[in-house]
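Notes follow the structure.
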Amino acid sequence: MYKIGIVGDGYTAADLLRLLAGHDEMEVVCILSTENVGRRVDALYPQLTGFTDLVCEESNLDNLIGRCDAVFLALPHGLSAVMAMELLPAGIKCVDLGADFRLKNAALYERYYDKIHEAPELLQEAVYGLPELYREKIRGTRLVANPGCFPTGAILPLAPLLTQGLLQAEGIIVDSKSGVSGAGRTPKQSSHFCEVNEGIHPYGVGTHRHGPEIAQELGFAAGRPVEMLFTPHLVPMNRGILTTIYARVQPGVKAEAVHEVLEEKYRGESFVKILPDGVMPHTKWVYGSNILQIGIYADREKDRVILVSALDNLTKGASGQAIQNLNLMLGITEGKGLNFPGVHP
Amino acid sequence: MYKIGIVGDGYTAADLLRLLAGHDEMEVVCILSTENVGRRVDALYPQLTGFTDLVCEESNLDNLIGRCDAVFLALPHGLSAVMAMELLPAGIKCVDLGADFRLKNAALYERYYDKIHEAPELLQEAVYGLPELYREKIRGTRLVANPGCFPTGAILPLAPLLTQGLLQAEGIIVDSKSGVSGAGRTPKQSSHFCEVNEGIHPYGVGTHRHGPEIAQELGFAAGRPVEMLFTPHLVPMNRGILTTIYARVQPGVKAEAVHEVLEEKYRGESFVKILPDGVMPHTKWVYGSNILQIGIYADREKDRVILVSALDNLTKGASGQAIQNLNLMLGITEGKGLNFPGVHP
Amino acid sequence: MYKIGIVGDGYTAADLLRLLAGHDEMEVVCILSTENVGRRVDALYPQLTGFTDLVCEESNLDNLIGRCDAVFLALPHGLSAVMAMELLPAGIKCVDLGADFRLKNAALYERYYDKIHEAPELLQEAVYGLPELYREKIRGTRLVANPGCFPTGAILPLAPLLTQGLLQAEGIIVDSKSGVSGAGRTPKQSSHFCEVNEGIHPYGVGTHRHGPEIAQELGFAAGRPVEMLFTPHLVPMNRGILTTIYARVQPGVKAEAVHEVLEEKYRGESFVKILPDGVMPHTKWVYGSNILQIGIYADREKDRVILVSALDNLTKGASGQAIQNLNLMLGITEGKGLNFPGVHP
Amino acid sequence: MYKIGIVGDGYTAADLLRLLAGHDEMEVVCILSTENVGRRVDALYPQLTGFTDLVCEESNLDNLIGRCDAVFLALPHGLSAVMAMELLPAGIKCVDLGADFRLKNAALYERYYDKIHEAPELLQEAVYGLPELYREKIRGTRLVANPGCFPTGAILPLAPLLTQGLLQAEGIIVDSKSGVSGAGRTPKQSSHFCEVNEGIHPYGVGTHRHGPEIAQELGFAAGRPVEMLFTPHLVPMNRGILTTIYARVQPGVKAEAVHEVLEEKYRGESFVKILPDGVMPHTKWVYGSNILQIGIYADREKDRVILVSALDNLTKGASGQAIQNLNLMLGITEGKGLNFPGVHP
């Protein structure tokens, strides 16, 4: 039984606790907080009543070192880097659910996150935590940068196609639609019920921090820079991201090849499912699960392809994927604790 | 054209502006704010783009006296009383959308609102603004206490029945279900999207401030104290209150008399509609309108009656009723600016 | 590994499949349908992609007898009785998720369900499937009548209090609020999105079929007939039932005794949780789980008690409870496949 | 007072009745139906209680000719053409809210609507009812093809830019997100509450009928064929369409010119509003209103522009625009009955 610490008490922390309640090789031994120290976790999250007796502890290193084999860092950006710098030398493996280790380029991080990076020396060591793309590297690392929720939905459909040269690397459009839990648990007007319910709108147009993250990984996949536009929208629902991707196939490539390549790439994967021809995903079909579904529409006349992916932003888009990563890092079966379908309806 | 001031910039203020955009005898000349001074109203509420050029001004008396014939006070409790004390002597009529003048008993106010009442001498003068019950008094007053949203939905069905002695005054159950806009625009966890959407729960059980307000008015109607239990619930929708009321008829009263009495009481009213036998109201049917619908189920065997009312908490439950009141106070046709159906679906 | 059949392909069947995907002592070997014969289950319910290869088969006894150890009957009322009559003699244990065996009185069944009961001789044998009340009987039976979703939420809080004589058996009000999945998967206007979303309304006032079911069980608990009024409401959410119950304590009973009795009754139960004083349940806290939460408000002055319960209508209110029952019937650990928290947010 | 007939009793008919309740130069004298003949309109749509005493009549020409000056045809495609053929010669002006007269090319109609066009001779006479583009033609016609809801949101932002040559006519992406009322009132699984709520998904990818309609009008605006991809998505809300459009500016065109051109084109329009720089529209801001809002993001580096529009699909996307058109056709002030803001929150 591995001893696990969780740093942070927001929605991703709660989803870690939900998932780890059914994991028989990891035991959460502590949860650290800044605002809720001394409160029972099941008072914060009454859905956990009967599943945990943990009480939030102060967010400092002493509460982790010596007690944990591994730690999930579920913190606002900027805070994970400092913690990881101390935890790693103490032999504690880290999965960072925040943004600190996602961008390989510290200057880009500083531009998009308005912060000096505190541990740039760890950026090369950190492995970007998409198991379906970087499984072996994840197995061997002590530090995983868990991907952003939007990037997970954009990269998994596109990366194999760019790697194999099926798509043009220019003019890719990523139009994403997200549930509100991605905005976290702290009350603010933009996630106030009456400002969200019964409406849809875009946000962060041209400036969202997940844009450079997607571009970085697509560039790695393509072997050269990719020109891409990313626009997120807020949808009145709790969970789920639908990503609609528009791209052009390379001259001479048949549109149906797109389906074949993705089918082959993800055959055997438990958590990425290519839907049959003519079926497009629905976020309801992955609600609460660690699964990403991909639908493909290939327009032969126009040499266009439309890829649509659906995932649960808190699970495959955050906490589920984090557990999938830590399973790999600790040598546990990759899907442990994650093999269940979504809750529908 | 009467010159109107609005004090406050929350959802009830926004609904006043929506409704007054179509009112041809009232013109909003100023809106006062504390947090948004200097901002255009249509930047705060972009649904008003093209309908107003007003800019929020500082919340002080100088911005009202000499400019306004009447003022809507849409303020947190405690603040209206102080303002009304100054506005009334300056000849400005006031409709208070807050709670300061609803309870006739200052001690009860102090117990439920945790505040010393600043203008107890105005309590007897203030008229409780239910036009269907107090029309003549409202016509003659300079100060209206606009009813709470829950009380409006509970009192209108019950009062005529208590007045005419059809119902027992003990054991009345008022089980209300409200949309989230009743909680206002200030972000807080209890109205954070993800904490509300896809769930329902009660709140303020046994302690909600609208309890004594309902009891007061039912007592006036019955001519003696009424024993009543009020429980509000939060429903994942923006607007609407459904109130389910359980009461016993007096011995010897036939259950069907309930329908007759309500039908007769509200015949000719534009904003209270008794639904046909067998039809129960739906909050969607009054969405955005000033109408309250009432459905009646009379259980002959058990001498029980179930009354169900539906209203829009921001309109008949607040801003629409406030305009209805001010129309009366100013001698304008009562329904001016309010005669339109709800938006459905 | 027990071999399990499911008859029906609606939402409760889908929830059985979701839950049984994680059950290591039951294997679903067939699913029977009338409208979808020949279709893959994961085409009907794409959330199950990767979890089942089952194809819907025709709904006849030959597809069950000889293949199954036990069967879940998830059928419209009237159809289960006929099936059970044949399955039981063939040695197949049955859990009926429909209404056919819930009412002990065939005449009452015929009045509320407009059908002659086809197997009245089984009514006494059938055990009402509330494990927390009838655990031993369930262990010993071959036929369980799985309770209705509303009755589960009303009976579990009330029964122990009536049994121990704390509450008056007259004037009990059960005001329930349900998500829409309770209405099933067949499209109809009353569950058409635009007719439900952004509104709340009552339905079946005074006539809902779960009324006599609740009354029956409360009567058994009290040892005498109970006078009770049940009113359901439809809430714009997928899952969840909140039940607000109003009752009077017996003269001389202290209101706080209510908390003690329920706390003691359900201590040690995995699936019924009494919330701490001052905390009221929220359906979101049990979303997708098999747990029922109960909150208690005792009004000392008025000798009134308000009990509020929350459950997931498809899980503890249907499929989860059905599995809990079959676990007992088959001698499997009662909570097998059901021990996980709800999905929140 | 013009006498108006409405043919059809779906959601667009209901929205016509809502809007015409406040129109003092049009009076609805009859409403025709197939399924609800003999039923009161306010029994079908209780939100209209107190606003109409109309009873649905049989859907035949005799109920219109001689009684009406103008008719709104709110019918499934294929049925309007036949009716218009008879009504026009009888001197009755027609606004068709269906699809029969939108496509100028009968062959394209037949391909996308799977029907032989019954009145191809009227196709050239019919005016496409976008008043902001075709105002003078609408004034002079007796037959208006009211635009589809998606096309309204796509064409109004794009057409002026194509006409003035600012945008490339290739590679335009139109990614639309719609509320559910666009699917009409007839129950079906795709608009069943539980299949829609808490999820988002695309539909009709590559095949939706509004695709050729958008392409036709963009082609007219550009003066040559436009290569465009249209993808609609279903959002869990009643009303509203958000359209996110991706296009490239022509070489040499500065991205900021896009804002200027749209600002100038729509200055003075009551129902099209260009939002300030940096503000993107939200469908909530136009809920229930006849207004379309447009936000613009110009990416200088990439020579890309993102246009986002929001409208209410039943109002500016259907019934409101139909009234705007008929106002013009009858010589009434264009905005009569339509000058009110949206309902928010």
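By written order: A, B, C and D. Residues from 1 in each chain.
We take it that contacts are C-beta pairs under 8 Å (C-beta built on N, C-alpha and C of every residue); 3 or more make two chains touch, one makes a residue touch a chain.
The shown structure was predicted, so the numbers you read here are calculated from the model rather than taken from an experiment.
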Practice problem: Sort out for me whether A-D or A-B is joined by the greater number of C-beta contact pairs. | Solution: A-D
Practice problem: Work out the mean Cα position per chain and let me know which chain is farthest from subunit B. | Solution: A
Exercise. Using mean C-alpha positions as chain centres, tell me how far subunit B is from subunit D in Å, no decimals.
Key: 36
Quiz item: Distance-wise, how many Å sit between the C-alpha centres of subunit A and subunit B, to the nearest whole number?
Solution: 46
Quiz item: So how far apart, in whole Å, are subunit A and subunit D when each is placed at the average of its C-alpha atoms?
Solution: 39
Quiz item: Where does subunit D touch two or more other chains at once, residue-wise?
Solution: 11, 181, 194-195, 197-198, 236-239, 281-282, 284-285, 287, 345
Practice problem: Flag every residue of subunit C that touches subunit A in the complex, lowest number first. | Solution: 11, 14, 17-18, 21-22, 45-51, 181, 197-198, 238-239, 270, 273, 275, 279, 281-282, 284-289, 291, 293, 339-345
Practice problem: State the interface residues of subunit A toward subunit D in the complex, per the touch definition above. | Solution: 171, 173, 175, 177, 194-195, 197-203, 205-206, 227, 229, 231, 233, 235-240, 242, 244, 246, 280-285, 287, 295, 297, 299, 302, 304, 306, 308, 310, 345
Practice problem: Mind listing the subunit A positions that touch subunit B in their complex? | Solution: 11, 180-181, 185, 187-189, 191-198, 236-238
